[in-house]
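My questions all concern the structure below.
Chain naming follows the written order as A, B, C and D, and within any one chain the residues start at number 1.
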C-alpha cells in the first residue's frame, strides 16, 4: 500500500490546481448601504447532495461568493434523503464541509435545515442551529420546538407551493406563532412571489424572506439586473452573523425578486434614495430645465408621476444615467417632483411613493 | 412511520417539478457532417462526487445535453476517492446513475474510469468498460490489461500536466503500445494544448482526443465560439456507441480547442469545405469582382493567402457572411484562390492548406 | 492648386481604408423559405440626411447588409426637409448614392419616397418610383396619382401615429382605394403595432407591412430574436426586385415584430412548419414517450395545447431544441398533437392553430 | 403655401418624439478621479457629413453622451470635402449644429478641425478654434500659424498611418515644434498604437493623445472593458473647457486603448491606486493569509510579481474582486508586495511598477 500513499499526496496538489478555480472572481452586487445599516445580500435556503440537491456543499460557497452574496444558509431536507443509498444521512455534514471554505472567502455561513413535512403544515427552515440531529424527530411541533430551544430562527417556506388551498394558515401555524416559534415567511421562493405571504408578514409582523431554494448548480457567473438569484437583503448593524440574527429578529429585510424590491417602506425608502443620485439641473432654455439622474444600483428604477410636474414616466435601467427635461419658472431655486416607484413594492399591489428634489440652474 | 411514507411520495413530485429543469433547452453545435460520416461532439473525460468532482452524476448529462454534445463518458478516478468518508466507493455507480437520464435525453453515455497513478506513468482513461471494479488493483500494467480484456479503449490523459520532463515516453508506455493496450492521447485537456502529444499521435498513429476533465459544474449554457468545452469530434458512420467505438479505433477524430480545430488533414479538409459556403461572384465592376462566403460553423475561419490572388487575409467569424473583393480578367469563368486556414492545425505549427474556387459573374 | 489635387488622390485611399469597414460581416436572419417561395427580409421605410434622418444614405446599406436584410427602400420625406439650409433638396440623390454600394453588397435597393402630409390624410410611402421629383406637388391626390402613374406601390404608414381618431379611414382614403392607388398599410412601424391596420388589411385585401422608419443610425450589429428591426417578410418567387414587386401586389407578406410573426395563415402555416423540426420519439418508458423538437428560426416558438395530449405549453426559444414528454399507448405508430402558436398572429388576437405529428419509438 | 407651413409645425413634434430617442441613457465610464484632479473622458478627433464622415453632427453628441464621455471635439477635414457636391463647404457649421445639443446633455464640446495635407507633413488637429475658415489656406505652415494665433492646441494625428517612413520627424515638424506650434501627438488612433509617437511625446514633452477618428456611426451602446472607443483621459482641475485646455497644455493626459492605459507614471500611479482597493486580510490559517482586492475601474488589472512574496500573477478583470492567498509570518502587522501592472504602459514596453500594502489579520 505504500505506493498508493505516495500517489495520493501528489494528487492533492492536482486537485488544488484543477477543480478549485482559484482565479475565480467575485462581482459585488450594487445595492448600497442605508443610513445606520449595512445592506447584506443573503440566501437562506439551498440544498446539496446531502438531501435532494445535486452539488457538493462547497459549490454553494463558490456560487454565492462569485455572485456577490454576503451570507448563505445551507438547509438540506431533514426528512427527505433520496441519495441516502449512496450517501448515508449525516445532517450536520453539509455545514461542516462548507464552513472552512466560507472562511477563506469571507462569506458568512449559517447552519440550517429544512423541516420537510406534508403540506399542510408545509416546509420550514430553521437557521442558526447548533445541531441538526435533534430535529430528526417524528412529531412536527416537537421538531419546531427543538429548533427554537436552540434559539434558531424559523420561517415558513413557499407556503402555497401546492396551491393557496394547501397553504392556508391553520391551527398548527397559530400554535407556532403564539409560542413565538415562527418568525418569518418566504414572500418569494425561486421564481414565485406569494402575495398572501406578503400580506401575512405585514399583518402579523413576520420577517420577509426571498430565497433561491436551489437544488441544481447555479449557472450564473454574476448577479445581473436581468438574471439573479432571489435574495433576502438584510439591513444589519455590521457584517457579522450576530448582526444578521439581530436584524432578522427586528424584521429589517427586503427581497430582491426579478426586477423588483419588496419590503417595508421604512427600509425601501432610504434604499431608494441611496440608489438614485439626483443631480442639480445643468441647463435651462427659457422655462425648460435639463437635469440628469443616476441609478447607482443593480435594480432598475421605474418611476411613474404622481404630481403634475416632470415627465410622466422616468425609466432608469440599473447603472445608467438618464436625462430628464421639465418646465419650471425662472425664479425658483428648486422643485420637488412626486413619483411612485412601480417596481418597489411596499405591500401587495402598492408602490413606494417618493419625492425628488432638484436644484435648478 | 406511516405519515413519513406519505410525505415522501408527495415530495417525489416536488423534486420532479423543481430541481429537474424540464423546460431546459439544448443548443446544437454547428459543426456539419462530412461526406460519409456524422460529426459527433464528444467529451470522454469528466468527474462526479464519486471521485473528486463536485456534482451528482446526472448533472453531467444535463450540461452535455444543453451544450449540444452527443456523447459523454463519465470517468471518475479509481484510486483517488477524497469523498469516500461520506460516499463509500462504488466504481460502477456513476454510470448506473446517469444511464437512464441519458436515454431520456437521447445522449449516448459510456461507462469509463480514470486510472490514476503517479506521474509517471500518469493518468489514463479507459472507456467502454463493462465493469470498473476489476481495475481497482494495485499493479498498474495489470490494471491496463484488465481494461483491454474488457475491450476498453485506453488513452493517455494530459501527459505533461506536471511538465514535459514528467510526461516523457517511458518503457512502460512502450510496453502498453506494443501490447496494443494504448490507443490514443489527449492532445488537449481543458485549457491546455500539448504539442508533444499532437506529434506523438501523428507519429505513432494514436487517436487524438480533446476533453474537458471537468470537476466543477460546467456553467456554460451553450457552446459558443468564444466559450465552449474542449471536445473530441468523432467522425462516425452513425450516431451509436458502436459507431463511436469503430471511429475511435480507426482514428477518425479531431479536437475543438479554443478557436482552433486540430486534426488530421484527411478530416479537417472535408470539414472545412462543409463549413465554408463559397458563393458565386454577384457583381463585377471593371476587373473587380465581389463575392460572398458564409461560415456555417461555430468555429471562426481565419484564412491567410498563399497564392497571389485574393485578399491577404479573410476573416469569417462563426456564423457570418463576408464580402470578398478581388481582381479577375473578364474572360475567365472561375478563379481558384489558395489559402491556409491558420486556425485549423494539421500538425504542431502547421495549418491546413485549402483551395477556394469561385464562379465569376 | 496642383498640390491640392495630389493630396486628394492620396486621401481617397485613406478613406477607402478607414471609414468603409471592409471586413464588416453579415449575419443572416434564420427565417427559412417556404414551399414555392424565397422568404426575403425587407425594410421599406427609412430616412437619411436628405430629409430628417441623421445618416448619409450609404449607412442604410451597411446596416441592412450586416443585419441580414435582402431588400431596402430609402424613403426620405418629400415635403419635410429640415436640413435643406445645409443640404439643398434633391429628391433623387439618396437613391443615386446608395445604388452602387447596394450592388457591391448584393442588396436589392428600391427608389422610394414618403409623401408627408398633415394627419389626416397622413403619410404614405411610394416605392418602385422612377423619379421622385414629380411627386413634389401641392395637391395630395395629384401626388398619389403621379406615383401610381409610375407604377409605384403605395402604402399607408403608421396610420394612427397621432391616435386612432386622427387615423380614421376617410373619404380621401376611399378615393385612393377605389382608384387602386393604395395597396398596403403598415401594420407595424418601429415599436408600434396597429391592430386596426391589421384588421383593415384583412378586410380590404391590402398588403401587410412592418417597417423600421429609422432616422437615427441603427446600432444593431445583427438581427437577434430579442433585438431586431421591424421587418416585412416577402414571399417571392426569386430574389429580384421584379419578384418582390409581384409578391407585394399579390399580398404575400408577413411582419416580424418583436417576438411575433404577423400575417395571413396561408403563409404563416408553411413558415411554421419550415421553422419547427419535429423529431421522431427517441425513447419510451412504459407509456411515457420522449421526443425532441428543434426551432430552426430566429423567432421563438410559444405553443399552447388545444387538444388533450402533450404538455400544456411548449416553449422553444429561437435556435434551440426542446425535450418533450407525453404519454401514448404502446400500440400506435404516431400521434398528432393540437396546439396554437401564441406568437404567430393571423388576425388581431388570433393565434395560428397547428398540428404536430410525431412518430413513436 | 400656407398649408405647408402647418404641416411642418406638426412634423416638428413628430421628429422630437421619434428619431431623438429621448429616453436614451448614459453609462458612466468607471475611471476614478485622482488626488487633485477630475479624470475626464475625452475624444478629440471625429468626423461628420461635413467632411468625409457619414453622420449628421448631432450623432456625435448622442454617441459620446451614451458612452460616458465628458468632452468631444468635432474635427472635420478642412481640405478634404468629398460630399461638397451635396453639402456646400461651411467649416464652422458642424460645431454650430452640435453646440446646443451638447449643452442639453451637459457634454463639453470643442470647435476643432483637421488640417489634412499630404503625408508628410501629415494630418494635424487644431482644437479650441474660434473660427475654422481662416485655416482654409494653401500654405501649410501659414495654416498652422493661423491656428496658433487663435490660441488653438495643435497635435499631430496618426503620424505613421502610411508607414514609419512617411511618418518621419522632418524639418517642417522641427519648425512647428520650435515655434511652439505643435503641442501633442496621437499615440493611439482608433485601433492603432504608435510606439514611436509614444517615445517622442516622452522625449519632447508633448501631450499624449488617444482618439477615435470615427467616420462611421459608433455602434457601441456603452463603453465596456472589451469594446470601447480609444480615448484621451484628461486630468483636469474641474469639468470645464478652460480646465481641459490647461490640463492639455500641462501634459496631464493618459490614453485608454484596448485593455491598456498608456501615460506618464506621474498620473498612472495615482490612477492605479484609485482603481484598486486592497482590503485587509480577512483570514489566516497557519502561515497562509487570505485577502481580497477589488478593481473599481473599467480597465482590467493584470499584475506580475516583481518581488518574492504573493502569487506570481494577479488578474482582476474590470469591476471584480479577487481572492489573493499568500504566506506571511504570524508576528508582522502588514506586508508590502511588489508587482508591475503589465497593461499600464509608462513608456514603450515598460510597465508601471506598484507596491501593494496589506494589513494582516
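In this section, a residue touches a chain if its C-beta (ideal position, glycine included) is under 8 Å from a C-beta of that chain, and two chains touch if they have at least 3 such contacts.
Treat the numbers as computed from the prediction; the structure is a model and nothing was measured.
Asks: Which other chains touch subunit C while also touching subunit D?
Replies: none
Asks: Can you check how far apart subunit A and subunit C are, centre to centre, with Cα atoms defining each centre and the answer in Å?
Replies: 43
Asks: Taking the mean of the CA coordinates per chain, how far is subunit A from subunit B in Å?
Replies: Going by mean C-alpha positions, subunit A sits 39 Å from subunit B.
Asks: Specify, in ascending order, the residues of subunit C that touch 2 or more different other chains.
Replies: Where subunit C is concerned, no single residue meets two or more other chains.
Asks: Which two-chain combinations qualify as touching?
Replies: A-B, A-D, B-C, C-D
Asks: So in the complex, which bits of subunit C are touching subunit D?
Replies: Contacts found on subunit C: 1, 3-4, 6-8, 10-11, 14-15, 18-19, 21, 47, 49, 52-56, 58-59, 62, 77, 79-80, 82-83, 86-88, 90, 93, 116-119, 138, 161, 190, 213-217, 219-221.
Asks: Over in the complex, which subunit A residues touch subunit D? Could you list them?
Replies: It is residues 22-28, 65, 103-106, 282-283, 285, 290, 292, 294, 315-317, 319-323, 325 of subunit A that touch subunit D.
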